[in-house]
Structure formats: C-alpha cells, structure tokens
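Encoded as structure tokens, the structure appears first; notes follow it.
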Amino acid sequence: MSMIQVGVLGASGYVGSELIGILMKHEGVDISGISSENNQGAAFSSLYPSFKGQYDAQFESNQEVISKSDVVFICLPHGKSEGMVKQCMDEGKKVIDAGADFRLNDLKLYEDWYETAISYPDLHDQAVYGLPEMNKEAISKTSLVANPGCYPTSILLGLYPAVSEHLIDTETLIIDAKSGVTGAGKNLSAVTHFANKNEGFKAYKAGTHRHTPEIEEKLSLMGADNVKVSFVPHLLPVNRGILSTMYADLENQTAPEIIHELYKDWYADDPFITVLDYGDLPDISHVTHSNQCHIGLTVDERTKRLIIVSVIDNMQKGAAGQAVQNMNIMMGFNETEGLAMAAPSF
Amino acid sequence: MSMIQVGVLGASGYVGSELIGILMKHEGVDISGISSENNQGAAFSSLYPSFKGQYDAQFESNQEVISKSDVVFICLPHGKSEGMVKQCMDEGKKVIDAGADFRLNDLKLYEDWYETAISYPDLHDQAVYGLPEMNKEAISKTSLVANPGCYPTSILLGLYPAVSEHLIDTETLIIDAKSGVTGAGKNLSAVTHFANKNEGFKAYKAGTHRHTPEIEEKLSLMGADNVKVSFVPHLLPVNRGILSTMYADLENQTAPEIIHELYKDWYADDPFITVLDYGDLPDISHVTHSNQCHIGLTVDERTKRLIIVSVIDNMQKGAAGQAVQNMNIMMGFNETEGLAMAAPSF
Amino acid sequence: MSMIQVGVLGASGYVGSELIGILMKHEGVDISGISSENNQGAAFSSLYPSFKGQYDAQFESNQEVISKSDVVFICLPHGKSEGMVKQCMDEGKKVIDAGADFRLNDLKLYEDWYETAISYPDLHDQAVYGLPEMNKEAISKTSLVANPGCYPTSILLGLYPAVSEHLIDTETLIIDAKSGVTGAGKNLSAVTHFANKNEGFKAYKAGTHRHTPEIEEKLSLMGADNVKVSFVPHLLPVNRGILSTMYADLENQTAPEIIHELYKDWYADDPFITVLDYGDLPDISHVTHSNQCHIGLTVDERTKRLIIVSVIDNMQKGAAGQAVQNMNIMMGFNETEGLAMAAPSF
Amino acid sequence: MSMIQVGVLGASGYVGSELIGILMKHEGVDISGISSENNQGAAFSSLYPSFKGQYDAQFESNQEVISKSDVVFICLPHGKSEGMVKQCMDEGKKVIDAGADFRLNDLKLYEDWYETAISYPDLHDQAVYGLPEMNKEAISKTSLVANPGCYPTSILLGLYPAVSEHLIDTETLIIDAKSGVTGAGKNLSAVTHFANKNEGFKAYKAGTHRHTPEIEEKLSLMGADNVKVSFVPHLLPVNRGILSTMYADLENQTAPEIIHELYKDWYADDPFITVLDYGDLPDISHVTHSNQCHIGLTVDERTKRLIIVSVIDNMQKGAAGQAVQNMNIMMGFNETEGLAMAAPSF
C-alpha cells in the first residue's frame, strides 16, 4: 500500500511533538517533513530527547514541508494559520489546522475574541469543525478541518446528548474546567515555573477565556437557544488532562436512568467515548496518553440539576489525537488507526 | 504569666499533629498531654518524625489528658466526639471539637446525613459554631466550640458578604470545590495511593458530601432563604489547600466595584482574611502552611453572575489553625497568637 | 498469519497491567487469558479503568490461562513463580517469568537473600537471564526466560561495556539508584501514601536490597572479578522511572572520548539503547512510557572516576517492556514489535 | 527591649523572601528595609502574595536599606556581594552574606571556580564560615559571616564526625546529592518548566559543581588530608529539600554501634541536628519548612563502607534559616529564636 505523506508545520511545540509520536505509530502514513520557524536545521530529537534514535529528522521551512505532503497538520499560533491554510489549499493539499483560526463560523466573533483580522473569509466556508462525534460525515468530505480547542472538546462531548435532547436549561449552564499545564505550552512563564505550580492551583480568565465563543457556538448548533455559559478554567499541577464539571438545571423530570441510558446509546458507536456507570465519576489519569474521553453523570436530586463530568487528555483527544482521528476520517483510514493506545493509568 | 494547659485528644491524626505544631509556637499555652486510642505509650515523634528532638511526648489515654487540661481539643471521628465533649464539660473544661458532631443546629439533619444518633441533645445548645469571622462574640463567651468543616470554612467565608447583603440569588448557587489530599486523612486507600493520585484528579460525592447541610444551614443563618446548593468536591494532587469556585446569579445590577468594595470593608478587621484586587484570583499555594484565607471575585458580565474564588489551607484555617484561633478568642489571647506564619508560597 | 496465544498470570498487578497495554498493540499475538487469584470473575477494566471499552476481559484461574496459551508471562511474587513455571514447562509452554525466582544462577544465593527454598533445582538450568543486550542468542533458543529486576536492568546496561572491557576497578563500584513509586507496586503502604510521598524523598534498604546479588552475579559474568557493590536505592516522588548513578575508579588512563566511543559502538545495534553525547546526562522523563534506556557518562577528571548515569522506565524496560522484548526474541518477532512507543516527555 | 534593625539586600529572590518569613517571627528584630535592584517601589507582597496583608513593605535601594540597619543580610548573586559587604563593613554594620563570595579561604580557588576576580582580599580575612555546628565561637565574635552553600551544609554536617575522628578514608568519598528545585531560584528556565520537571529527574554538573571546592576545603579543615570528592548533584521534582547520600571506605574496623554513638554524642548539644537511630534513614519531607538536619547512617557490612544520609531544607538550614541561626549567635540571641518551626511533614 502506498503511504500517505503527512507534514507538520510548527512541530517544535507541544502539539506538534505529540503529533509526531502518534504519526510514527500510524501504519498508513509517512512523516514527509516537519517545520519550525525558529529551529530550522536543528534535529527534532534535540528538542525532544525522548525521540533520540527514533526520530531525528531536522526542521525545515514551512514551504519545504508543504510541497512534500499530501496532508498538512498546522500547529501554529492563532493568526498564523490562516495564511498557511490558504497556501496549502491553493496547492491542493488536505489540511488539519490545530489552531483557532477556522473554528468559529461567526467570523465577527473570532475577530472580537481573538483581536485578529480575518484575511480570507471565503476560505472559512470550506472549514469543517473537527469534532468527529458530531461531524463525522462532513469531515469525511472536506479538505479543511478546524481541530477543536481542548476545553471545548471536553465540554461539548459532555453536553452533546443533553443539549441535543433538550434535557437541560442551557441558560443555567456553569462550566468549571481544570487543565494540566501542557495546555499552556512550552513557553516559559512564572505561572508554569515548577516551584510556583507544584502544590499550586488556581482559576484564571474567569468568564473571559477565548474558548467561550467556541463552546457557545457549537452548543447552539447542537440545539441550544442563544446559550451563554459561565466558563471558568483552572490550572492543575499535572502535565496532562482536562476535567470539566458541568452543571445545569434539568428542563423536565426525566429520570436519571433514562438520561444515563440516552448517553450510553448516544455514544455507542464512537470508539473513543466511554460513558461510565451512572454516578461513577471519571479521573483524569484514566485517559492520559490516550485519545479516550470518559464521561460520568449524576443528578443532584436535591436541586434538580444534572451534573456531568468529562475527562480527556488535552494533548490527545484535546489536540494531536483528535487531529489524527480527523485525518483518519478524511483519508478513509480506520478511525482508531495510530490511536489504539491503552495503558494503565500510572 | 501562668500558662494555660491544653490537651489534644486524637493527636495521632493529621489534624491533631498539625495542632501540635501550632501549639508549640503559642506563647500562652503548654501542651498538657496528647491521646490516641491506638498508640498509647508510643512517642508522637515516632509517627511524625519531623518532631524528633522537638516534641517526643507519648500518647496517653483520653482521660489522662482531659484531667491535666484547662482546654481540650478533640480530633476524633464524628460520633466519637459527643461523649468526650460530655465528659470534658462535666469536668468543667473548655472544649474545641474539631469534628462534626456539634456543627449543625438542626440535630435531625445531623442524624440523617451522618447516620449517627445524638445522645445528649441538650449539650448541643451550648455549642457555638466556630467561624470567628461570623461568630466572634459568641465564641468568646462559650465553653464549647464546634470547629467548622474544611470545605464549609472556605465556602462560607467566600459567600458571607454576598449572602448577608442579598447580592445573589442563592437558589442558583453552584459550588465547585477542590481539596488537597490531607483532607482525606492518614488512612491508607487506593484513592490516595501515590501512583493513583499523582497526575490524577477527580470529582467525588457530587451532591452528596456531608458538608452540604453545614453549608446550607450556615448560609441560612447569614440571611439566605431556604438555600439548596449544588456542591461538588474534587481531590487535587497536592498535600494542602482548598479552592472553592462559587457561582451565583446577581440579584440586582450592583456594580462590580461596589461588590468588591463591600467585600473589602466586610473583612477589614479580620486578620486572617485578604480580599484580593478585583478580578485577581487566588492560588492555593499562597495560603498553605498559614491560617490565611484569600478571596478573589469577578462579575461575569455576559451572564450577570458573580464568581467568587476562595482559598485556605485545609489543615490550618480549615482545621487546626481555626481551632487555635477559636481558642485564642475563647481564652482572651490575641486572635493571631501562634498563627502568625508568613512564608513564601514555595 | 496465525496469532500466538499469550496469557498473563498475575495480571492484576502493575507489571501485569502494563503487559496488557503492550500486548494489545502487538501485531503478532492474541491475549488468550489473564489470571488473578484474588480477582477471578472481575473485569480487568474494573481494576484499571483506562482500559474500559478497550480490554474488558475477566480474570480466570492460572490453570485456565495456561491451557489456552502458547506463551505464558508470569507476574507473581517471588516464591510463587517456581511452581507455575514447572507446570507451564510440563505442558510445553514457553515462559517468561517477570519475578525473581529464576534470575540467579547461584541457587544458594537466592535462598539466602530471598529466604525461600528452591523446589526444582534442575528447572533452573534451563532458565536464561533475559537481558537481551547481553544474552540475545541464548534467549532465542530457550523456553524459559527469567526477566531481570528493574534496578539490575538499569545498572547492568550502564556498566556492561565498562566492566566487559575492564575499564574500571569494580571493587570501587558505588551505585546510587532512584526509582519511581510504581516499583513498589499497587499494595497500599504508608510509604506510598500520597501525603507522605508527594514532596518526600528517601533512601531505603541501603546495602541490603535483594537486587544486590543479581547485580553482582551478572557483573561477574560480564568479566568482573568477585565484585561487591554498594547499592543504595531511593524512592522518588514520580510514578515511573529509574535513574542509576554509578561511580568507579578508572582502571587505567583511557581517554574519556575513547570510553564514550566504546559505549556508542557497544550498543550500536541495540534498538532500545541510546548512548548520549559525552557529558550529556539523561532525564527519567525522556524514557517514561517507552522501552528505551538512555545512558550518559562523564569522567571526573579531578578524581579519575568514571561516572555513568542510566535511565529506564521501571515498568517498561525494567519489567513489562523487556518481557515483551524477550518474547519477541524467543518467538522470532521483530525485537521492537509492540514496543515502538515514541512520545514526548511531558 | 530595643529591637535590632535588620535589612535584607536582594529580598526579591527565593532566599530573601524566605528570610522575610523567618524574620517576621523573630522576637528580637525589626525588618528595617528590603532592597531589590529590579523592583524598587514595588510591594514585596506583589511578588510573594502569601505575604499580602502581612508584609507589604516596598523594595528600596541597597543604600537606603544599609543605612537603616544594624545587621544586613545579603542575598545577591556571587560577584555582587563583595562590594556590598565592603560598604556595610565600612559603615560599621554586621553582615551575613548568603552568597558565595566569602565562603572560601583560598581566594585563588574562588577565582578559578567562579571565574570572578576578588577585589578586596583583606576583607576576606574577617569572614567566618557560618556553619554553626563547626564554628560557633568564631561566629559569635565576627562582624562578617559567610553563610554556607546549601549542598555543603547538608554534606558537611553528615561527614563532620566521621572526618574529624578519621573514621573514613576520605580519598574514597562519593557524594550523591539530590535537591529540590527552589535551589535553582526564581529565574525561569526550561529545566524548571513544570511540564519538564514534574515526573522528571536528572543529574547535572557531575564533578563540576561550584560547591565542590567549598566541600573539600571545609573537610580539610575538619581534618581530612587533601581530600578530593566526587560530587554529583541531581534535581528532584519537589520544591524543597536536599538529601545527600555519602559513601566512604571505613578506615578501620570501628563497630557500627560505636560510630553511631559517636554521631549522637557529637551533636548532642546542637539544637538543629537530629541523629536518627542506627540504620534509620531520613526523608526530605521530615525537615521541610524547618531548620532541622536529620542524619542517618549504616555500615554496608559486605563492602566495609560507611553510608551516611543527611537531609535539610535547602531554603532553611541550607540558606535563610542558617543565616538567621548565624545572626542569633552573632547578636547573642537564643540560637533557635525565630526558628522553632515544628510541623508535620505533610
């Protein structure tokens, strides 16, 4: 079988390096090249020594990588992807953009929250939001996937059945999310200085995080009416994982077992979603280093609220794993190819 | 000056051992004795080697300790305190009960949530709920203080001004709390096995934690009408600290600056409460090993919700530190005696 | 291709569960069954929730598993393996014993250090010590592999070239090793209670650890004369990884570059060994979740000592990964099959 | 009693901030001022929020602080202290220099290892090496104390009795030390980026660390002949603590119990040193947030080596705590004033 050639732009960052690890295990692709503006000529394994002797390729320019690739993963900061996507599309490549530039349908919303102008509005019409559990068919037909944000992935998967089936009053939605520090990337900061973070824990950007409009727009597409959520992220002293705790008033008196059954059925065919037993709540450590999402739920009988807890690995299902899942769907591979990573939680 | 003689029942547990550390620095007391049913005759420092050469006293029986003490701290599991309190009171001792037995005014509520019968209902009339920022005068006059739970302390301090001033709709209250593992004590369990907890994070007892009725009853006393909260605790991979994130709809259009000013004024005279600048959110690490509570708040303008975040050290302000603060108030010491522990956060 | 049937005895422990994770990715084998004396009938994924929906098989009896398998991995405590090995061998199975029972050639040494009697001395003649970098050919021909201890693996790989080439005075060998807590297994203990271990670090069994005779016997086989090492293990507050720092007087004035070159050449054909640049010292995090061993070395010019630092993942190259590597060699698979797990170090 | 005025130069760093925490508890001193070249005008508590409401003083210039102080603590990088010390001494102040500039008697050795020229050689004659357990009387009489390095403190305390009594062959000394990350200070670096350090562990500067000549010079003063040590430090994923494991051949056949007894006697009058029971090895967590040093020892009977393990908190006994201990001795305070910080290890 001839191998698909895949390239990674911005492979020096955390998402890019996680992608390399996954793609090396993928049986249907070759890594055609990797780029990094600041590291051209350096070996990938000099930045990520785990790969010594296993993947020692050098960083090249974006253009060199694009020209050698059938599929291009873009792992660049927001605002930097759009032009690269234009170029890739002009050259007839398939693209999975791990950044934020193509996630929102409402371009005005993007420009407001990201304080960045859109240059190629038409291009955005072609983008499909790459949450496979929601958009599998569209993903299979597009050439441009906008890979979801890490927080939105964990949140949307947790809320999808409840919102679609109108089980909850979305006006009352509270989302309290907690992420490991790899979500903040490899740039040094006082916040992620070990002595500050170890034994530390805090909330940040309460009500103002840029993932808010993405969450709201996609919930609306699932059937919520003009939803506005309170979204507060927190930074955990762990490397990987997002746990989102979601609270909403029940819209009617649906029995807890019915809700649970609905969730089980909803995701019955999705290989990466596990709905736990009713009342069983998930642990971040159970999904780290895997593309799995575990969802637990319970009804707070005293307050008639539905409480949903979901966990993912922010680097996998929240970024690089989901990007490969999207590629698999786009290119006709088995959805789990390269992603079958079961391991104990320690 | 003659020293007050203080004893600690149940000093082999985490709260008891933290108490010993504080009492050793207190200039107005001598530790008269320590008890532990399971460790009589053993040296305290054999269980807690940090104390080697500094506090090597042996565990005695409860009765021995009571008889030598003016003030007795009780650090026993719920259900075990009540009888001890009876005995101490009969012998004319002052008592600070670090357990749950005397925290609730509504004894029926206690019996339901704790599945434990009350034996001496009259005794409960004498107990004062030991949240000093709320009940200072009553504490100064009583002989029996019920030291608050760790979660309730962090939550009540965060909500006290908003609830008292009717700024929020308490029917919409969501409390998402996160605690370090010392809250689970020294008993071994799979949940607190290092390989499980390190890099792990999970919610537990969603909507069913025993601190729920304590939170609700005290909020009612602060002025909330028949409040029912959704309370979900989570277990952090850190040793110490509780961070509680609280969400509620604003009752009216009070300006954020007014709310913030109100909080600053409310706690202006409380030596252990720091209200941060508006929008600044606290970190658990800033209060570990101290009796401080830091409170941050922000208004989510899009949803008209007040978001309050409070942090304490669960072993200090959430247990042993607050117990000593209560003793200081009861016995006429300076409120901060023994508790002036400033240290950097690393 | 017909798949090899492999079974795992004692699959409820950490090594067993790690094995399952690896075997699921192995393209040449099916997991025929798993056993656990204490968990018969329970689902594997109820103990290890990461596997929910991916590997939900139930634990069976040892005998059931053996009868369905071509190859049997034994992950039982020392003293429990020997009888199982006997049974497997009698039934014509190939065996990889992850325990200690067959690691030592000198049975008297085993009986002394492990305080356990040998029952089938003849059986031990058939066992090959499963350090592939040392014994590849013998492993390929045997039916019984004794999988090395975790500490000995890291230490022997670090010393093999220096000892074989007589570069160092083995009488002066000091081995200071540090392991993550999974090495202590899943049994609960105060030592691995989170609140004790997090922010804790200590040495244990200084000079008395049971891996000592294994290290010494294998070093003798490599060419050291009647070597006696000082071996002190320490317990790190991390889940995975062993770092061994080894010190020995140089036997002669071999130039550092020559020694380094020798190490590079020695392991040039070993897919799991990476010798770092001279003076570059390895980090545990660079090999976690992989079967790699990284080795760094430097000469302390002032004292004329060779300092060697090696790192492995104790669960992988130190246990389950090496067990599969041995199976691959025994069964004629590619040595790296199932083990090509590159991932970034975060 | 009139309070001693003490100032801290370089109070924005980790050692400086730890000092402030200790000095606030000291009953005999007032903090006269704090300086920071880069933070003049900023509040100390804006850098270290734990101090909010407790110590909100602003940083001033070095000169302002010196002029207001009787005693000056200098927490500046090596090379920056010497001039400040000159100025303080000229103005008749007492000085405790927490940096490296005055630690070595052999100025040539300083210039070689630190690659920094000495400007005031005569000044160095007045400096006393501030290891109180070794130099108490000289400290009590001097105006200039050179506070020891963190690694040397842990190592010298562990070796002092054995070297002074010629129990070991110092030519065979191997020192394998492990430190928490606060030893690397507050400057951001990839090494101390949370995602790299959490679950990471590595050796660094093997045989080349600048504390090497300090260790050797002081061991010589204790009685070792022209000692050369192999010293390899490692970086632990914890905030605080140094554990040093030391190995040396026994010089003669002194019985283990005799050696242990000698250690107990040697430190019988030192309030901060605890010699554990024979064979009991210390844990870093038992001394964090305290000025204590715990020492354990065992004889490896098979190799006739003495193995000594010592632990300290690098920020306390390894820096700020020892600095205050030195001030106490210089100024005639009780040696433990401000330092009696017993706390459980969690």
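Worth pointing out:
Order as written gives the chain letters A, B, C and D; numbering starts at 1 within each chain.
Throughout what follows, contacts are C-beta pairs under 8 Å (C-beta built on N, C-alpha and C of every residue); 3 or more make two chains touch, one makes a residue touch a chain.
Computed from a predicted structure; not experimentally measured.
Taking the mean of C-alpha positions as each chain's centre, the chain lying farthest from the centre of subunit A is D. Which listed pair repeats B-C comes down to matching contact pairs by residue number; over half match for A-D among A-C, A-B or A-D. Work out the mean CA point of subunit B and of subunit D, and you get 36 Å between them. The mean-CA centres of subunit C and subunit D are about 39 angstrom from one another, to the nearest whole unit. For subunit C, residues that reach two or more other chains under the stated contact definition are 14, 182, 195, 199, 237-240, 282-283, 285, 345-346. The touching residues of subunit A, counted against subunit C in their complex, run 14, 17-18, 20-21, 24-25, 48-55, 182, 199, 239-240, 271, 274, 276, 282-283, 285-287, 289-290, 292, 294, 315, 340-346.
Residue ranges of subunit A in contact with subunit D, taken from their complex: 14, 181-182, 186, 188-190, 192-195, 197-199, 237-239. Contact residues on subunit C toward subunit D in their complex (touch as defined above): 172, 174, 176, 178, 195-196, 199-204, 206-207, 212, 228-230, 232, 234, 236-241, 243, 245, 247, 281-285, 288, 296, 298-303, 305, 307, 309, 345-346.
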